[in-house]
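What follows is a set of structures for review.
Below, chain A partners chain B and then partners chain C, in two separate complexes.
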Partner chain A sequence: MARASSSDATRAATPADRGVTGQAAATLDGRPVPGRGGVAVLARIRRWLDRRFFVLAPLPGFVLVAAVTLVPIVLGIYLSFTNYQPIHPTYQWSGLVNYRGLVHDPQVHQAVKNTVIFAGFGLVIEMILGVGLALLLARPARGISVFRTLYVLPLMVAGIASAVAWRALLNTSSGWINYLFSVVGLPQPNWLASPHTAMPSVLLADVWSGAPTVAIIVLAGLLAMHKDPVEAARVDGATDWQIFLRITLPALRPVLAFAAVFRLVDLFRQIALFQVVTGGGPGLATTVLNFFVYQTTFVFGELGYGAALAVLLIVMMIIPLALFARLARRSA
Partner chain B sequence: MASTVSFTLTSRRRRRAGRFLATAGLVIGLLFILLPIFWLLETAFQKPRDAFTVPPHFIFLPTLENFRSLVHGQFAGSLLHSVILMTGSTAVALLLGVPAGYALSRSRFRGSRAITAWLIGAYITPALIYIVPLYVIYQQLGLTGSYLSMILYYETFQMPFTIFMTRGYFTDIPRSFDESAWIDGCSRWLAFRKVILPLALPGIATVAILDAIGAWGEYFGALIFSSPSTETAPVAIYQYVGLDVSNWSALAAAALFVVVPIMVLTAVAQRGLVRGITAGGLIG
Partner chain C sequence: MKQQTRTLADRQAKPLTKLLLGVLTWIVVLIFFFPVLWMALTGLKSETDANTSTPHFIFKPTFAQYASVWKGAGGLNGLPPYLEHSVIVTVVSTLLVLLLALPAAYALSIRPVRKWRDVLFFFISTKMLPVVGAIIPLYLIARNLHLLDHVLLLIILYTAINLPIAVWMLRSFLLEVPAEVIEAARVDGAGLVRQLRRVIIPIISPGLAATALICFIFAWNEFFLAVNLTTVNGATVPIYLVGFVQPEGPFLAHLSAAATIACLPVLLAGWAAQDKLVRGLSMGAVK
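Coming up: the complex of A and B.
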């Protein structure tokens, strides 16, 4: 506080305060300072505002964030206790009806199960492949920068574009995947229409961009790592595997934790793939909770029930969110 | 002597084998990575009747027919809507977000950590959590289908991202820079605009590009909130999937229209990319 007032005192005699210092002075912009008179009041207001700069400057931004995030969340919780339908926007308080409904809804059970399967398998596969890929990309080989560049490509392909491509690639009769299978002499499954292969198909499409994402995060960690412990271990005769397990992996732990939580959040949020590639089917085979919220709200028009499902989705995400918060705190 | 020679030989052979396996692994992975991208290119430059045939035509005379018919059709309008929304939402995010990021980087008050946590939480919350109640708000206010409604929705991810990321870039600039500017007679505002902002400009440019990419590729919110007069390019692509699945060439060409600008922007923002992916160097 002392520091602020002393700098205020300094500022009072500076050219920055237009009007106070007279017409000879110029502002830092190089513009001439306007004359005295009514301008003095303006200058005083400006000085008053400037003293509160660090409160006022961020205010519009924070107000907007609150308006578009906090308000919807509170309203969403309220809506989950109503029977709001977008077609005729008159609604009534319905108490716990929606929540009682979702507890007994077999479709919800299926969606929760699918979410856990999708997020769980997706996370494990993407972490293993991503870390492996990062280790390969971290080798100082010739031409490695070309590989590094090409492996970033999936991150640049918009979700909708990759969803369209995977839908076509996995097409039973004219998709490239089944064409390749036929060339090699493998049976050609009905990828998207069979309940056994639909979920693995979507997982494949998610891994396509998820594994490179993990790889790039881990690669950044690997390249920032100190080389000395690895060199020392190698001189002492440690094998590559020992070096990986005892030195690289422990040093990478914060990076790996971050990548894992980051992916987990994204797996929970995935929706374009489900909508475009499988439409949640066949039956409910690929209906995850996020997609079910969309269907209930905007396809079946049960917005109140959809809001209750959205609350369930947040509850399911509390675990990854809490992990994220812990990571953020540790890094701070 | 002999044993050491054979030892170095096998170790050299093993290292060479390891190098070969590593390259082989990278190449096989790359084929998988390039598969959808090849499909998009092969299909988009193919005459519609030749696309999606078995066996696929890998060797063909490329045609621009699909792109031409898109540019002359409704899709051109969708691209324009996308550009308007991308520019508008990114401008709002920067205008309001950058000062907030700066203030957050300079303040050590007790709530600033809570605010940061809130921003991260807001950013990673699934879009649908916002979309459902926003839909009701827009319906009640008669905003459905307007640019305003979509820009406000885009801010649910752009604002937290912008504030959080710029906070990181401003933190890299020592406080002593502000303080010496103040002592030299700058007002807080002037010190921010004339001293700090120019220093942070490369970082802010990166954030702007990442914001723009986020808005350009956004699909789901636009699907819910847009009307025919504000429909974005990604939404138009989805309509093709529903309406005309037989014309895969047009679909692939449209997808390339969405993807190529992102690739160009990413190439520009290359150095900031990893920092963007890791949410502003959350892990340092």
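Coming up: the complex of A and C.
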């Protein structure tokens, strides 16, 4: 109470403030006058809120986020131990049946393999291209700001719209890619129908938005970098390549780590491309785990099994998530 | 020019190297720009022009596709109801996010409570979980609450999804506010609501705007939750697009026109927020 009265004293010193916010502020700032009943209670509540603000302020958001993310995940883990199917209203606890099933399911093996291929290749390609792109755009060339505006377009285009665009570009008969191939006399594969080219096609579409994502983060890192070590190294006669490997890259390490983890998580979660461009096919050629969960659940209606697959996906993502946790904690 | 950052590619490069790098930049940026351009162009074609055996730049432009996307034609639905849902969901969820995130970010950055690192980390880690793992339970919960296919459901979900990004982003802006300014506001004896309204919000309004734009972009583009949890009454623009995807060729121009319209608001928002985009993408980690 001592604290409250002392702050009341300081408040009283600035009466001009009161007029601005009107009645509510006057009750908030004024001393709790005995006998004013409701108003005094209100003022007390307000002051209590003020004092607890730092504990209370994050609470509503915290509760909402927990309700929307953690509750479904916990419920999903429960469902993964049942044989729930929407067409059968009753379901039973089935123990580890789903998990035993997925261990022996060749489709799951294929999906895990595809996930690793997609995420692995995607990450490496996007990091290399992204860094290259950032280096190009970090140059103080004329008109570079125009380029810096244009290259981020892909990462703003809705995933679904980019999937539509790439489907058209990869079209065997009317797409640009095969047209360019025909101009230079290369064979024109049926990109999305062949099991050998379908995955690279989806990767290409993902790289299109993934590389600029890496680039924008790396570019920010490059522009914030201290120039002195580079200048010093140059005076000492270091080559561009030496400067890049010995100074630029090490300085960018935290930024690169962030970009990599972000991309890895998003590669694991890519779904629009698979749904629109390949539908997971041909056969299982582009069925990654994320898409397989979706299919199992919404197309085949096996919710229990789908939930078990989702748990497998989360387990697979624990490595990138743990990496992310370390980074986030360090930066916080 | 000295003020500009110098990097590897910069140095006193030979004119030829400089020219080659310039050309390379052009080519690379065009490659990244091209799919968007092509999509917009295809939207201006007739369906026959869009499905020629070789791609054409020269064609007779028509607004027929945009018109049929807008009005709906030949048994096809029009876009406006979907647009309306998208606008409602995006705007309301973005406002809710700011309302919840600003006090949270303020509290977490100015006077962190115990375990605040864990709170912050909790916020951010939820953003990393695979949505597909939560979709089944979300579907069941929504069905029991009679919220399936309802804009309210998407509003709640998008608010929760964008909240972590907003908290982290706003926190990164708030950390840049000099401590003396906030101290002065507090010593002044202003109540917390007033501190926020009179001191903090004016200072970080550019950051607030950027945060709003980022939330807008993410909510507008969200596809997976919308497609699985809504069909008609709460269906957003991406669902309109998905509806035309199954058939191979016939709707290519129509689809491109619709996709172009779908991208337009976000491209504008992204253009307006481009300086702060990186902060949104990295959730405040990179400035």
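Just so it is clear, the second predicted complex is superposed on the first by the 293 of 332 C-alpha atoms of A that agree within 3 Å, B and C clash if a C-alpha of one lies under 4 Å from a C-alpha of the other, contacts with A are read in each partner's own complex, and residues count from 1 in each chain.
Throughout what follows, contacts are C-beta pairs under 8 Å (C-beta built on N, C-alpha and C of every residue); 3 or more make two chains touch, one makes a residue touch a chain.
Everything quoted here is computed from the prediction, not taken from an experiment.
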Checklist entry - Fit or clash for chain B plus chain C once both are placed on chain A? => result clash
Next on the checklist: Once chain A of both complexes is superposed, is A:174 in touch with chain B (first), chain C (second), both, or neither?
Outcome noted: both
Checklist entry - A:89 contacts which: chain B (first), chain C (second), both, neither? => result first
Item to check | Partner chain in contact with A:222 - chain B first, chain C second, else both or neither | outcome: second
Item to check | Partner chain(s) touched by A:307 [first = chain B, second = chain C, both, neither] | outcome: both
Checklist entry - Is A:244 contacted by the first partner chain B, the second partner chain C, both or neither? => result second
Checklist entry - Is A:138 contacted by the first partner chain B, the second partner chain C, both or neither? => result second
Checklist entry - Where does A:161 make contact in the superposed view: on chain B (first), on chain C (second), on both, or on neither? => result both
Next on the checklist: Does any part of chain A touch chain B in one structure and chain C in the other, and if so which residues?
Outcome noted: 7, 10-11, 13-14, 17, 28, 46, 50, 53-55, 57-58, 60-62, 64-65, 67-69, 71-73, 75-76, 79, 133, 136-137, 139, 141, 147, 150-162, 164-169, 171, 173-174, 176, 179, 208, 212-213, 216-217, 220-221, 240, 255, 258, 262, 265, 268-269, 271-272, 275-276, 290, 293-294, 297-298, 303, 306-307, 310, 313-314, 317, 321, 324-325, 327-329, 331-332
Next on the checklist: Per the contact definition, I'd like the list of chain B residues that touch chain A in the complex.
Outcome noted: 18-19, 22-23, 25-26, 29-30, 32-37, 39-40, 43, 52-56, 92, 96-97, 99-104, 106-107, 113, 115-122, 124-130, 132-137, 139-140, 152-153, 155-156, 159-160, 163, 179, 182-190, 192, 194, 216-217, 219-220, 224, 234, 237-238, 241, 248, 251-252, 255-256, 258-259, 262-263, 266, 273-274, 277-279, 282-284
Checklist entry - So in the complex, which bits of chain A are touching chain C? => result 7, 10-11, 13-14, 17, 21, 25, 28-29, 46, 49-50, 53-58, 60-62, 64-73, 75-76, 79, 133, 135-141, 144, 147-162, 164-169, 171, 173-176, 179, 182, 208, 211-213, 216-217, 219-225, 227, 230-231, 234, 240, 243-244, 248, 255, 258-259, 262, 265, 268-269, 271-272, 275-276, 290, 293-294, 297-298, 303, 306-307, 310-311, 313-314, 317, 320-321, 324-325, 327-329, 331-332
Checklist outcome for this item: In the complex, chain C touches chain A at residues 1, 4-11, 18, 21-22, 24-26, 28-29, 32-36, 38-39, 42, 50-55, 100-101, 103-104, 106-108, 110-113, 117, 119-126, 128-138, 140-141, 156-157, 159-161, 163-164, 167, 187-192, 194, 217, 220-221, 223-224, 228, 237-238, 241-242, 245, 249, 252, 255-256, 259-260, 262-263, 266-267, 269-271, 274, 277-278, 281-282, 285-287
Checklist entry - Mind pulling up the chain A residues that touch chain B in the complex? => result 7, 10-11, 13-17, 27-28, 46-47, 50-51, 53-55, 57-58, 60-62, 64-65, 67-69, 71-73, 75-76, 79, 84, 86, 89, 129, 132-133, 136-137, 139, 141, 147, 150-162, 164-169, 171, 173-174, 176, 179, 208, 212-213, 216-217, 220-221, 240, 254-255, 258, 262, 265, 268-269, 271-272, 275-276, 290, 293-294, 297-298, 303, 306-307, 310, 313-314, 317, 321, 324-325, 327-329, 331-332
